[in-house]
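Heads up, the next two complexes both have subunit A, just with different partners, subunit B and then subunit C.
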Partner chain A sequence: MKDPINEPREYRNDARRKMFSSSFSVTCLLVSSLAIVVLATLLLSIFSTGGGWLSAEMLTASHRENNPEESGIGQAIIGSLVICTICGLAALPIGVGTAIFLEEFKPKNRFLRMLHGLVQLNINNLAGVPSIVYGILGLTAFVYMFGAFSPIRVNDQPDYEIGATYSYQTKTLGGNYVRFPATPKIQPFFEIKQPRQVSSSEGQPFKLNVVSATTDAAEYKDKLEETVILGTKAELTSHNGVESYTTQTLGGTTVFFKAEPTYSQFAKILEPLMVSDPEGNTFELNVLSKSDAIPTNPEVLSKSVFADSPDPTKRSSASIFRENSFFHMHLPFSKSVLSAGLTLALVILPIVIIASQEAIRGVPQTLREAAFGMGATRWQVVRSAVLPSAIPGIMTGAILAMSRAVGEAAPLLAVMGGVLGTTNHLSSLMDKTPVLPVTIFKWAGDENQGFEHLAAAAIIVLLAFLLLMNSVAIFIRYRYEKKLA
Partner chain B sequence: MSDQSLGQGELLAPPASPRREFRPRSSKSSKRWQAVVVTGLVFCALVSVFTTIGIIVMLVVESWGFFADDQIEIWKFLTGTKWTVGQTQGELSYGIWPLLSGTLRITGIAMMIALPMGLISAIYLSEYASKRIRSLLKPTLEILAGIPTVVLGFFAVKFITPYMLEPLGDFKTFNATSAGIAVGILCIPLVTSLAEDALQAVPNRLREGGYGLGATRLEVTLKVVVPAALSGIISAFLLALARAIGETMVVALAAGSTPTLTLDPRMPSQTMTGFIVETFKSESVVPGTLSYFSIYAVAAVLFLITFGITLIGQIIRMKYREVYD
Partner chain C sequence: MQKLATPSNRAQGRSLSKSTKYQASTATIDSSSESMMTAIDIANFNAFYGTFQALHDLNLKIPRQQVTAFIGPSGCGKSTLLKWCNRMNDIVPIAHATGSLKVGDRNILSRNTDVVDLRRQVGMVFQKANPFPKSIFDNVAYGARLHYKISRSELYELVEWSLKKAALWDEVKDRLKSSALGLSGGQQQRLCIARAIATGPEILLMDEPCSALDPASTARIEDLIFELRRQFTIVIVTHNMQQAARCSDRTAFFFEGKIVEEGATEDVFTRPQKQQTEDYVTGKFG
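Up next, the complex of A and B:
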């Protein structure tokens, strides 16, 4: 053991120790200021790359392949706003509700108490789960719904759907399009495009396997009895008194499955019928046979078609056309803004809960006690005493959580894929849309150098939007603090 | 002017009461209403439980689809050193190590930046900074924390690589270092704010005791305050580690899409998250195919690692926290 009196230098060298201390303080300051340098460099590099590309056209145009000069982020801005609205509408009530439950209703019931502890532990862990994992969850739970429904394909109607009207559309001899309503019918043939539940002629149910024509035959050589080639046609027949489709598998087994009414892809026009044009005018369609003379009056021409005939040059067949109303919905949700919004809601839910919990915890106990003293039930205390004074804190946390959601790219990429532009405007919750962060990601990786500048310009818009949201949060906090003081 | 606009009638009208009329409710009906509300709140709370259950069930079930495939052996997945899933040509190899090592390399670089810088900033903010410097540093860190990760990825690939790294040596366009630096920048605010909370929780009595013994500020900080806050600091490190491992957009932009098994930080290095994003970006994911199931297998490994680290961080914070009355 050293004796401090006999070994004075190490302990008494005041000047050296003080120098160490103050030089450490300077080092600390330098290291901390690096954060400011980094932020400044980041903002400068982005503004110098993209500042010149900001313009009114850029804010309203949509993506054009290989043409950065005319591309823009109009659709992406609207898409981001819509998805964040859905996300907020889903995450805020659930998040605040959970926080109230955790903070104000500590239950006596044993089962509920267990749930209570479990939820609290769980939320802290959920906050640490990478957002890409939420994206995969969204893909599985919302887009494909765990495979509980048959997947949705282009030009096929989903099994469970509302808000869509189907009609057949055809082109008249005058060159304009007319439509007439479609009704689902049991079709004489059924094309097998996906695995489905079938039964054998003995009534044994099993899942029919579907392989494409190019699949290596070795892969399904053990399962020939249960396998068909993609696009195999099944014929309508009556099986045990039920209208069913039947076909033979590669192994020669005859299988049956129940026939459901569907829309056929094409309809034949054989006799005059009432149609409407896209403007909503209704009139009777004039159906000409092959031998009829073609009318010369353009008015008549625009209301005439040839009857469906074997001659391909003179055939008028109508194809299926889907019109979606704003409440168009189907199961599963598939790659849509609804799936994307709900997925983002899961991402920010833990953040909303933790922020709301802190806001509720900050409400002074005296307020609660006063309300209880007036004979209020627990819920009345929460509603009329706790929530009003916790709302500013909850709002601040909610806005910060939303600003996290606006910038999230990974979950959206997983749920909607890398959409850059759509031909239609966003009209229902089942549509796809480009969003700002994904657009930035795709543009940053584009080989066309112009998109690099455009991505930087899009980043400026995104940062401006985040700044706006954060200022609102700071404003709320400031007013609230002033009120309390 | 105001004389004309104010009519006689408006002056005489009774003021509208801003309060609603108070209607007492019977205690029976308010209790019944409360039961309804509590049921609703329980359902809200169940959402987060079902989210966790959903994640775990999904990863187990769909990874099963991967490992149940005849071509896949779980042993080769865990020890293999080559990853070619999703590539159309060549032989199928599915060893996780190239992806896992990519994640570890980038996380390592990120932690070399974020841990010292975050901790020093936290010490400075908590022990040294004057009010003015604090009011400058704190918002800067908050803004840095709020910058979307895709923006940092853009910064990494368009600024850090061409202007900071390429003059230094033979760095590839996509490399582990630039991604690591960007992920490190992203983690600094997280480490700083969590570590600062831990340092500030140390009561002033301890500091005063140190000063009373004649210690300098540096000695008090390093020998009294930091050891007292160690559990909080370590849990901050662990949370930053989990965050860096799960970081997606930065590595998807800056680290490239080539899975490599190397120690060279100048080479591209695809990470686990990078592989998942690359698969989604190409839009070639068809449910039921091997590359679709491989996403879940990789995500399961990712989830196990991050969940484990978060859990350890929480346990350390709860168990080893120094409690001062």
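Up next, the complex of A and C:
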């Protein structure tokens, strides 16, 4: 070896070394700006496609088939928020609990230590599993619950259910709906054979009459709106500026027919004639000859139904009607927002656990020692020393995980189906709802060009949502760092 | 109790206290029976980390209401012994010990020892000040809230008493609600002492309490140790031999996991029996 001090070595080419260094930094700059260019292109294309479609109406309206101009993401935004909340409420306690177990309650026993290590290994692996796999897991675990309960069928009562009241509903001859409570064993339909106590849709109780159905009357049962009794009086009135006679049909519709020539204040209907309703539709008015077969008084009509008829199509049957309260639940959860939220919780659980573990590991050991040294139990150490210091990190991780959950489409397609719009508003956890990512997925693939633009507009909303959540995470971290320093 | 922070006052206070101290301790030893006077009784004690034996067959009696100093080079096991005195080594999964380590009448190494109650009786102050990221008040009240049902006003009195004992009250009485992390290093360490004595321990273990502090703060802590000695049994681990000489009544010299020599501080420093002790206290090695 040469003596490093007395026998100087030859220098490496200095200029070349420095040039390599500077050219490497330029390369790094180019590569990182490429990422920014891609992002900028993405934002530009989305804004140019969907920016013009963004409007207050679009944010509140719901999906309309073949009508992108009037469609919107109102239901989808609410759906996404609800599912995200369920997901957070489920994932946060389980995730933080698991992280505390893994970090703070390490067992001494060798066998338990192996189990502990196995759990840790699994969590690390689960973080990389594609989300559609969780979708299938959610389908098995939450939607069908491993087949442990009988599956949910339309118009059938699930075995395990709370928060739902069942009643039978039927339409009276007067055209209004009445209800009566369903017997314990419910069926899709119930045939009314005898007079019984019912209540109106306003909750007014009364006795429902049963009218014997003659062949003639039963024939017109479904056309009561277009039927009057022979000899029904019509009153002279002015309709759209024309002198007309008006009367009410058995179904409660007001109809008009021309008074020509005007003879008297009243007219009697004695034969079928052409009439028009207030909307301007014209149709032939049926005249029922056997006036004794059904009552004519509208008040009585509104409290009457036909009795059982030999002809099944003319039966006066009540159909089952379900009212759900906000806490309506059944087992299995079937395809519902609850299943969707829990499935998303599974998706983000590994992320929440790993982030929480990092945060807990970041708490200085001296704090634990201080608490243990004061005589705190293991749980008191966790609650009073570890968690307060780890909460900012845990919250940041949880919010970032939830912002991933908001953007997930695949597991939701599996556990809720591709719902685009529902007739009812989300009223309980057992309902289905459209969500932003699924809506975007469906719209982007729609034949109608307008929906592609609308999908781009929805993407802008989703991005804004994600940006908001990430800023909240940054804000929390900043605030607690300041507080702890 | 609160001493002024001027150097001259402090030096005077310390020299005064030193002269009276030895008389007091000798007097008590003569007039009491040995078992009454022993706070911690260590017999045939071995401590292990996994297969490594950190302490070999220790026998030591730590007297009540005196300051005992553990000295010795790094890695000699003095901190290990200190941590076994309130079972802080339970946090280390591979640590275990054999023999007998009695606090009062019970062998705390036994499996059914209530470590929570033990740590209430045997408080600990660590090398690095470790206040919780809470207010000064909450820090001192922490132990009392853990162990006792205590009313708000009583808690306030307890915090005041502890802070006065730790000679910190005058400096923090106007900002009890502000964060403990805003205090200086020396104040934080005194806060930790206040926190430890607030649960009313009989024994106070101090693991190099001054090693991270500047000389002025160190002097204040040493004064405090001297004051507290009247009410608590104090065991202090230190690397600083002057510190051991200044503030302890008895000294145990550790070397490679064994107690080489143990006795009254004056004897250990001025008339060591063993060559190793003499080499160490005179600065030939360590």
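Methods note: the second predicted complex is superposed on the first by the 338 of 485 C-alpha atoms of A that agree within 3 Å, B and C clash if a C-alpha of one lies under 4 Å from a C-alpha of the other, contacts with A are read in each partner's own complex, and residues count from 1 in each chain.
Note that a residue touches a chain if its C-beta (ideal position, glycine included) is under 8 Å from a C-beta of that chain, and two chains touch if they have at least 3 such contacts.
Everything numeric in this text was worked out from a predicted model, so none of it was measured.
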#### Entry: Which of subunit B and subunit C A:Ser389 touches, first, second, both or neither
second
### Task
May I ask you to decide whether A:Cys87 touches subunit B, subunit C, both, or neither, giving the answer as first, second, both or neither?
neither
### Query
Looking at the overlay, what does A:Glu408 touch: subunit B (first), subunit C (second), both, or neither?
first
### Message
Between subunit B and subunit C, whom does A:Leu463 touch in the aligned arrangement: first, second, both, or neither?
### Response
first
### Task
Classify the contacts of A:Val352 with the two partner chains as first (subunit B alone), second (subunit C alone), both, or neither.
neither
### Task
Return first, second, both or neither, reflecting whether A:Ala370 touches subunit B, subunit C, both chains, or no partner chain.
second
### Of subunit C and subunit B, partner touching more subunit A residues
B
### Task
Quick one: classify A:Gln380 as touching subunit B (first), subunit C (second), both or neither.
both
### Query
Can A:Ser21 be said to touch subunit B (first), subunit C (second), both, or neither?
first
## Note on the structure
On subunit A, the footprints of subunit B and subunit C overlap at residues 375, 377, 380
### Summary
Listed in rising order, the residues of subunit C that touch subunit A in the complex are 86, 88, 90-91, 93, 115-120, 123-124, 126, 128, 130-134, 142-143, 146-147, 179, 181, 192, 195-196, 199
### Task
Can you check the complex and tell me which residues of subunit B touch subunit A?
27, 30-31, 33-34, 37-38, 40-49, 51-52, 54-55, 58, 62, 116-117, 120-121, 123-125, 128-129, 133, 136-137, 140-141, 143-144, 146-155, 157-159, 185, 188-189, 216-219, 239, 242-243, 245-249, 252-253, 273, 276-277, 280-281, 283, 287, 295-296, 299, 302-303, 306-307, 309-311, 313-314
#### Entry: subunit A - residues contacting subunit C, complex
106, 108, 364, 366-377, 380, 384-385, 388-389, 483-485
### Summary
subunit B partner, complex, touching residues on subunit A are 17-18, 20-21, 24-25, 27-29, 31-36, 38-39, 41-42, 45-46, 49, 93-95, 97-98, 100-102, 105, 112, 115-116, 118-119, 122-137, 140-141, 144, 146-147, 151, 346, 349-350, 353, 375, 377-380, 400, 403-404, 406-410, 413-414, 417-418, 437, 440-442, 444-445, 452, 455-456, 459, 462-463, 466, 470
